[in-house]
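Take a look at the structures listed below.
Next come two complexes built around subunit A: one with subunit B, the other with subunit C.
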Partner chain A sequence: MAELNVLGFHAGSSVLHQLDVRFKLMFLVVISLSSLKAFVPSLSLLTLVLMVALIHAGLPLKMALKDLRYVFLLLLFMFIARSLSVPGSSVVEFKTVSVTREGLYEGAIVCWRLVIVIMTGLSFVLTTRSSEIKAAVEWMLKPFPSIPAKRIATMMSLIVRFIPIIFEQAKKTGDAQRARGVENRKNPVYRLKMFSIPLIRRIFERADKLVLAMEARCYSENRTDSLLSSGVRDWIALVGVVCLCLIIIL
Partner chain B sequence: MNIIEINNLSHRFADGTVGLENINLCISEGAFVVIAGPNGSGKTTLLKHLNGLLLPTKGVVRLSGVSVAKNLAWSRQMVGMVFQDADSQIVGETVSDDVAFGPENLCLDRDDVKRRVARALETVGLHHYKDQKPHLLSGGEKRRLAIAGILAMEPKVLVFDEPFSSLDYPGVKQILAQMISLHQAGHTILVAAHDLEKLIAHTDRLIIMQDGGIVRDGLPSQLLWELEAFGIREPCASRLGMKVHSWLN
Partner chain C sequence: MNEKGLSNIGSSTSLRMTVYASLMAALTAAGAYLAIPIGPVPIVLQNLFIFLSGLLLGSGWGTASVGVYLLAGFLGLPVFAGGVGGIGRFAGPTGGYLLGFLPAVCVIGFISNVSKTNVVRDLLAMVCGSLIIYACGLSWLKILTGMTLGKTLAVGMYPFLPGDALKMAAAVPIAKALRPVINRE
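Take a look at the complex of A and B:
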């Protein structure tokens, strides 16, 4: 049995699953932009709302934290960098390096905002099929005749579809290398080289096989797309999200 | 009536390697044919010509009298192919999405897609898993999903490339039973395999390939004693001088 990857669609019947994908795309953009203006009280509110939405949508929380562990590592680096680089009143000093109170606060706020963006993206990916994303992008690009809407939409849906496969290949490559004692090699450059080269090769091989399988089943840009239909539920959600964003900004 | 006609088919890969050399072959409608041969003998290359995934360097492949190269989309609908690696064939995010992929590519209307998906899942016995993530299925279930994916396109010919590779005993039995039931339903079945043990009792024609060419073509019972000369293991029962029985008994 393969492991469940959190960065993909999970079938369900939650409110988020039932919302029109065009509205969800709009919510994704609006909430992400609003979070850039948010501070502690509004960030707390946003975190609470998104956490409830994610749990309601059926997110396996423990698995999500495990799958996103490298993102948290990146956030930690950002936090450290901010706390060391922002000038202000010093909390800890060591020779020429000092951690400032303002740096700690700003680092925490920036990381928190990014967590909000990640949570919003996760709730979108978790509840939306890539075919629905394709249909929505195509619909949004329709008013611009010079843009090849179908091609862009297809590429976007394939990227979303391919993310879990890349993670799966990375896990397989990592497992194969650990089984052969790569952890005994302490040089990170060597380990990165030995990990990335076979991983890239595997991803391309897998992409080739996927293309072949899609061609064998007559894949083309012109196909039966997902039905896009909005209802009262979507408009109520829109009002709710706009109110939430206004509370955050004002 | 011949559903597949192959005349003077040769294929050379981009690096000059010979994939197939002067293949001439006719397959009648409703046949159950096994193409056997060691690794690198050209089995998969031959199968990929049947739905135009590879095009001939020389020669022609016809389905019901129509050239594959001249009508690729139609050929791919006519010939459904189950790949050796079932994982690589999965393109949908749920079981029903994956089965719907083919009919959606045929631009069928939504109701027709739903009807075909339900029927294909029912046929392979996966209707209970329709909202499941395909990657969570077992090996045998994944291969049945791949079969459902092509059944939903309503093909006449079903092509299986090493259908039993990396399957456990129950998985092999499930797939074998599925193939036999599809054959009984009127489909033409072609199977590429290097291990004949599981299949030979059910097939009515055996084709042996070596170095990109067909070296033997006939009834399985007449070719069993020649298998080992071409790098194919003779079924156990046959080696012991007994009749080869079905794995389903």
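Take a look at the complex of A and C:
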């Protein structure tokens, strides 16, 4: 469970924390999209801006980077794949494979862009409460008539709420089966079956209790909306981000 | 205020299916971390739960379940493997597989029959679903890494096929055992 908790909200009082969540979501999308068009100079600029913002917000970057090591492994793999597959003048040659200058450059650019996108997402996740995200979802989906915004927001809260319960139940199920010597059974289909059926059945039994509890408390979608407020600060930030993105694209 | 919403969720079945769909989404999120250690490579349960979303909830609620899961991840809630969510994960090398879950579950639910177990139909549904997931995942991986088709297949598909076959074989009896629990009417 620890893996899922580290990259959650971290309290703070920086500009990033205080901006309206709707604006932050918009920034996230705009910056991510424009970074896909960026090259070395604009990428350096973006990295600089991001670094300043992240350090200013006082986020636990070391912990976050440690948590992301699996993602960086994937990026490394992509870098190697790119550097081997793009044709051009070779730098190192080994039998049939050759590392090309163009490949190295392109691989580095693609990986750099993805790191920017990931770091932007990280700064959003670390400075925003999940209840705020939920409220923003409700707000954004409201204009679409056929989408039940409140139900989706409820479902998202339920997901976050249920993940720890599932881990707990999975551990109990695994322990119980080890105690009964399930490791002597080598048939993987049997093991999958015997692990999943009790796990899912128990989780759904809990869900039934939850439904009863919700009905007993007169749950309906006719609820008071969460409060979201935007101020001058948000609009200034919006202008800043739009300028930044225009510089990147042009 | 919003009478339509009120009447929609007023019936108990609708609320129950909403909670069940959220639960399948939570299971999908947890499934990235749950693995059964057999042999050298542990079998990760995420695809199994994707298959089961389609088989147990049907086309509509299954798609809703996976859609909300992806939306939650897209907005940065910590539901994807590796911890961090956000747009970054869709742009990353595994993003295509994640997006492929959505049409895959829709098709699995469509082909299989939620209320009655039919082994052939269930298997066919899962094979089609897997094909869709791989089609989305591999094409995105190929665009991103610039590898040839053969290499992309060797990296992004062949190593996972034995595990997928095992999961499909397991999903049929699991779905059979759990369908009565979920569709009680």
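The definition used in the following text is that the second predicted complex is superposed on the first by the 171 of 250 C-alpha atoms of A that agree within 3 Å, B and C clash if a C-alpha of one lies under 4 Å from a C-alpha of the other, contacts with A are read in each partner's own complex, and residues count from 1 in each chain.
One rule holds for everything that comes next: a contact is a pair of C-beta atoms (placed from the backbone, for glycine too) under 8 Å apart; a residue touches a chain by one contact, two chains touch by 3 or more.
Note that the coordinates shown come from a computational prediction; the quantities given were computed from them, not determined experimentally.
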Contacts of A:213 with subunit B and subunit C, given as first, second, both or neither: first
Touching partner for A:38 - first (subunit B), second (subunit C), both, neither: neither
Partner chain(s) touched by A:99 [first = subunit B, second = subunit C, both, neither]: neither
Which of subunit B and subunit C A:111 touches, first, second, both or neither: neither
If touched residues of subunit A are counted for subunit B and for subunit C, the larger one: C
Subunit B versus subunit C as contact partner of A:245, first or second or both or neither: neither
Contacts of A:19 with subunit B and subunit C, given as first, second, both or neither: neither
First, second, both or neither for A:53, with subunit B first and subunit C second: neither
First, second, both or neither for A:131, with subunit B first and subunit C second: first
Touched partner set for A:11, first subunit B, second subunit C, both or neither: first
Contacts on subunit A seen with subunit B and repeated with subunit C across the two complexes: 4-5, 8, 130, 161, 210, 214-215, 219-220, 222
Sites on subunit C touched by subunit A in the complex: 1-2, 5-6, 8-10, 12, 15-16, 18-23, 25-27, 29-30, 33-34, 36, 38-39, 43, 45, 48, 52, 64, 68-69, 71-72, 75-79, 81-89, 91-94, 144-148, 151, 155, 166-167, 169-170, 173-174, 177-178, 181-182
In the complex with subunit A, residue positions of subunit B that touch it: 51, 53, 73, 76-77, 80-81, 83, 85, 88-91, 93-94, 97, 101-110, 113, 131-133, 135-136, 138, 149-150, 153
Contacting residues of subunit A [partner subunit B, same complex]: 1-2, 4-5, 8-11, 129-131, 161, 164, 168, 206, 209-210, 212-220, 222-225, 227
Subunit C partner contacts - residues on subunit A that touch it in the complex: 3-8, 25, 28-29, 32, 36, 64, 67-68, 70-71, 74-75, 77-78, 81-82, 85-86, 106, 110, 114, 117-118, 120-122, 124-125, 128, 130, 133, 136-137, 148, 150-152, 154-156, 158-163, 166-167, 170, 186, 188-189, 191-193, 195-197, 200-201, 203-204, 207-208, 210-211, 214-215, 219-222
